[in-house]
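In the part that follows, the structures are each spelled out as structure tokens.
Two complexes, one shared chain (subunit A), two partners (subunit B, subunit C).
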Partner chain A sequence: MTSRKPIAASLAVLGYMIMIVPILFVVAAAFTSGSSLRFPPEGFSLQWFEAAAGHTPFRAALLTSLQLALLSTGLALAVGVPATLAIHRGKLPGKGFIEGLFLSPLIIPELVVGLALFQQLIVTYRIDNFPVLLLGHTALLLPYAVRVTGAALAGSDESLEEAARGLGASPMRTFFSVTLPVLRPGIFSAGLLGFITSFNNVPLSLLLQARDTRTLPISMLDYVQQSYDPMIAAVSTLILAGTVVIAIIAERTVGFTRIFGGINR
Partner chain B sequence: MTTTSPAPFAAETGSPAAAEFREVTQRFGDFTAVDRMDLTIGAGQFTTLLGPSGCGKTTSLRMLAGYTRPTEGRILINGQDATTLPPEKRGLGMVFQSYALFPHMTVAENVGYGLKLRKVGRVDREAQVTEALEMVGLAHLARRKPRSLSGGQQQRVALARAIAIRPTVLLLDEPLSNLDARLRVQMRSEIRRIQSETGLSVVLVTHDQDEALEMSDDMVVMKSGQIMQQGHPADVFSAPANRFVADFLGYENFLTTSQGITLAIRPEHLQVQDTETDAVDEALNLRATVTDVAYRGVDTLLMLRARDPSGEEVDLLAETRGEDPGRYTPGDNLTASAPRHRLVQLGDD
Partner chain C sequence: MTRRSTFVLLLVPGLLFLLLGFILPALGVLFAAPGATTEDIFSRLVQMFTDPYDLRIIGRTVGLGLVVTALCLVLGFPIAYLLARSESRWAGVLLALAIFPLLLSNVVRTFGWLVVLGSNGAIGQLSMALGLTDSPPQLLYTSFAIIMGLTQLFLPLAIVACYSAISQVEAGLDDAARGLGAGRTRTFWDVVVPLSLPGVVVAATLVFAGSVTAYTTPYLLGGSRQRMLATELYSYSSVTIDWAAASATAIVMTVLVVLVSGLAARLGRKGATT
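The block that comes next holds the complex of A and B.
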């Protein structure tokens, strides 16, 4: 590759560098024994990780983020997977319209969605922040659930279900012994993407936050506005490590080509 | 598998009917895919549905299997009305063109799936799975996943899965069309062998007339949702009912007699002679001009132009064997002839 297409190869290297180098700066800065966020770090220590782990707002925010990401992913799958099945396998009239409806959160700006939810549910109806956040995140993740599982479904042979029926399986049995297992990699991919998307989301989480209901990215933004020290680099490094672990699990269990092949279809 | 209730008898074969179509029609919108079809599938018989693409073969098979409900008419399985039964209650075994093997199960699990649903215990199930896999020669691949098998092997697994449940009728929708030519010919005799070993009733869908001729006891030729002819392959082949069937089975020459009767002659039965006198005893004698010559190795094809007994200009095709390929050239005049028993009289379409 390098010898054949020197320009493409150098561009690729440049791209990776632009993405990776700043990350390396952040990671390096997190291990500093000094007290300012600068490169090269002064000495080596884990003190900022300790500080981050002991910082109560971060701990609370992490808990909120995890709860929110898990619940919204679960909800998006619970709604999105049956919807996908109905769209692809059912005899619904207006399938295209319904699919469009489920994909629309992809094109409506999140700030608009967030503002609408804020105005209507929080201001007007005085609903708690967390349920509203959950609703917003679920809507945000629905397109992923519908699209990724839909791709898995479209890639599978429709006669699989017919074969199961012919061999004596009831529709219910067919669903649990054939459809669902065939969809499992797609559901897993959608779940993973959903979790990461929710966990990293800023616009919705920013608009729908409350003092005691704040996600980690919002809490970090808040912190950076007040103090600019290596603790923020330590938190970022921890998130990065968590993401890498998830990516490795995903690669081991399903494989990136399957996951991202699912999105591009 | 055999019924104690008296089953109706198939007119053509004299064996009891495994399944029957009675005045079955299938419409999609205002398009009629199957048109008032009456069909009897003999028990223990190898029946093929033969016809060009789009003539309604798959639709018929899917109605029999219960995947689509007929718009009109009734379907009987083993003498019982099955028109509204869902597929899982019909006890038929279907092999799909795409094989439709469950990708998350091993070969053995695929084959055992139907048995598990029938609550066959583990020990019996394993024995029956092995038996079915041995029948298709794949017992050694039981633990593999379908993805890791070749097309031909996947096809055999699909076959084993369908026969493991001892279906009332085994349904095969163009099972060989995805295989290469050599494997296809091999699988024909293998499927035939499995059918005679198990005594299963089989319905095979194909658009390949060689396949139908070689494999079936009973051959059903279809056109636009209707049955054109049904019978033993040898009978259909030697006496096609109409021009469509004759055309489909490779009759190339169609002539009209002075009484207005249509005759069909196979290209290999049309003989050519240089002189008129050689052929005076033949039932058919036509002066013809060579328009083209195609050498094909085993034989040579001669394209001829002649005037048929009704005075109409016709194109003829003669297949000559053992001739020197350079013997005829376009423009040559010769005599095309055929003995009386090679002239097939056709009915109306």
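The block that comes next holds the complex of A and C.
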């Protein structure tokens, strides 16, 4: 595919290098037996993985990140899926406006939303950081929940549900035996996407952090500021490994490029 | 209970989260920061467009955003084009490899450049080993470092947007143009590019909006020398605690993003009708 389009091919190689090479260097740096981020790495050891696993701030931050990502994803689905149903099946007036409202957090820069929540809820009303983080992450994930599950609904035939109702099924029964199976891949995709988005989030988690409520990415940024050793490379490599696992799960279930690229082939 | 009121009830929890977690606080930033009145915010906003320091930061943010947008299109479109038109079984793997970085933490991806560009990093050590320089060149904390970091972050978005557009242009049209005697280059510029333009506009919008609001990249790779709107916003809100300045910066950032998205949406509609 490359032999007859030399210009496009060389631009493509450059593009892939910019996307991938820095990640490979992080992995290489993580296994060094030296004490600095020197290239080439000095020898092989797992000492920085041990150091990272024993570093209390990282352990606490990982726990906070996981709690926040699971709770906010669960909440976003719990309030987002019913809203999606109402948008696509409710025949409500102003459907476009309501859907736009649910997608609106995508338009405003996340740093601005973070600043807003910090100023208005933490500074003014003295609410604890974790509930505000949870509220912010949930609002941030709502657009994904509504759009991804909405795509699953829009692609299904509403007459199936009408048929079930016509045959005497109650609304509850119709939902659980007809609508929910249609929604399931969408809910699963939205869940994976939501978890990843919350776990990796920087802007909201940065502005809404407290000393004892700090997510892993923020704790990493904080650490880089103070010391410049390969421990961050080790943590990064572990995150990379976790992300690869999620990518494989996505590929085996709904299709990796469909969930994360929005590409239907 | 009627069918319609059931559906309205289903909307309520989601709307409540939106209202409390997004809409009301966002309005608050504009008009009522704690300890800063609306007048304070707006006079600070006016000052941002006259003060040379603030102007330099706005200029750097917009300038780097434009450079990164151009770079992502120049690199991303060919990748999308090759992937969309390839019949090789490797195309699927390469597409997945281009999308995978979207899942990976920005902090992890950006940290890679510290390893590559740092004074003990790969490029510095290589250029010394090859005798190109006596001391490692200063690559970190420059606009070059920020451009590389942002391009790495947003190139996948550009590829995905261009890929979706190009795969909707029938490959048969390429063949038809070639069959009618157009060369490879002419086919590319006269058929493929114009027909996938809406995707290019989407890609440009996403990359620009991402670049001018990114925090991690200027923080890690720009340091205190290459400040951008995002790093300023954080330092106003959490270091110097200057609410009027934080709100003013937030307004500039929001207007920049909304303006560009609105412009792109108009362009996209125009492109669709002609």
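Annotations
One rule holds in what follows: the second predicted complex is superposed on the first by the 240 of 265 C-alpha atoms of A that agree within 3 Å, B and C clash if a C-alpha of one lies under 4 Å from a C-alpha of the other, contacts with A are read in each partner's own complex, and residues count from 1 in each chain.
Definition applied: contacts are C-beta pairs under 8 Å (C-beta built on N, C-alpha and C of every residue); 3 or more make two chains touch, one makes a residue touch a chain.
Everything quoted here is computed from the prediction, not taken from an experiment.
Subunit B and subunit C, once both complexes are superposed via subunit A, fit side by side. For the combined arrangement built by superposing the two complexes, subunit A sits at the apex of an angle of 100 degrees to subunit B and subunit C, based on C-alpha centres and given in steps of 10.
In the superposed model, more residues of subunit A are touched by C than by the other of subunit B and subunit C.
Of the two partner chains, subunit B is the only one touched by A:S159; subunit C is not.
Of the two partner chains, neither subunit B nor subunit C is touched by A:G150.
Using the contact criterion defined above for the overlaid structures, shared-chain residue A:G191 touches neither subunit B nor subunit C, since it reaches no partner. Contacts of A:L167 after superposition on the shared chain: subunit B is touched, whereas subunit C is not. Look at A:V123: by the touch rule set out above, it reaches subunit C but stays clear of subunit B.
When the two structures are aligned on the shared chain, A:P181 is found in touch with subunit B, with no touch to subunit C. With both structures placed on the common chain, the touch criterion links A:I23 to subunit C but leaves subunit B unconnected.
Once both structures are fitted on chain A, no C-alpha atom of subunit B lies closer than 12 Å to one of subunit C. In the complex of the two chains, the subunit A residues touching subunit B come out as 156-157, 159-160, 162-170, 173, 177-178, 181-182, 184. Across the complex, subunit A is touched by residues 65-67, 86-88, 90-94, 96, 98, 100-104, 113-114, 117-118, 161-162, 165 of subunit B.
Note for the complex: subunit C touches subunit A at residues 4, 6-8, 10-11, 13-18, 20-26, 28-29, 33-34, 74-76, 78-79, 81-82, 85-88, 90-92, 94-109, 111-116, 118, 120-122, 124-126, 148, 151-152, 155-156, 159-160, 163-164, 184, 209, 213, 215-216, 219-220, 230, 233-234, 237-238, 243, 246-247, 250, 253-254, 257-258, 261.
Within the complex, the subunit A residues that touch subunit C are 1-2, 4-5, 7-9, 11-12, 14-16, 18-26, 28-29, 36-40, 75, 78-80, 82-83, 85-87, 89-92, 98, 101-102, 104-105, 107-113, 115-121, 123-124, 135-136, 138-139, 142, 146, 171, 196, 199-200, 202-203, 206-207, 217, 220-221, 224, 228, 232-233, 236, 239-240, 243, 246-247, 251, 256-257, 260-263.
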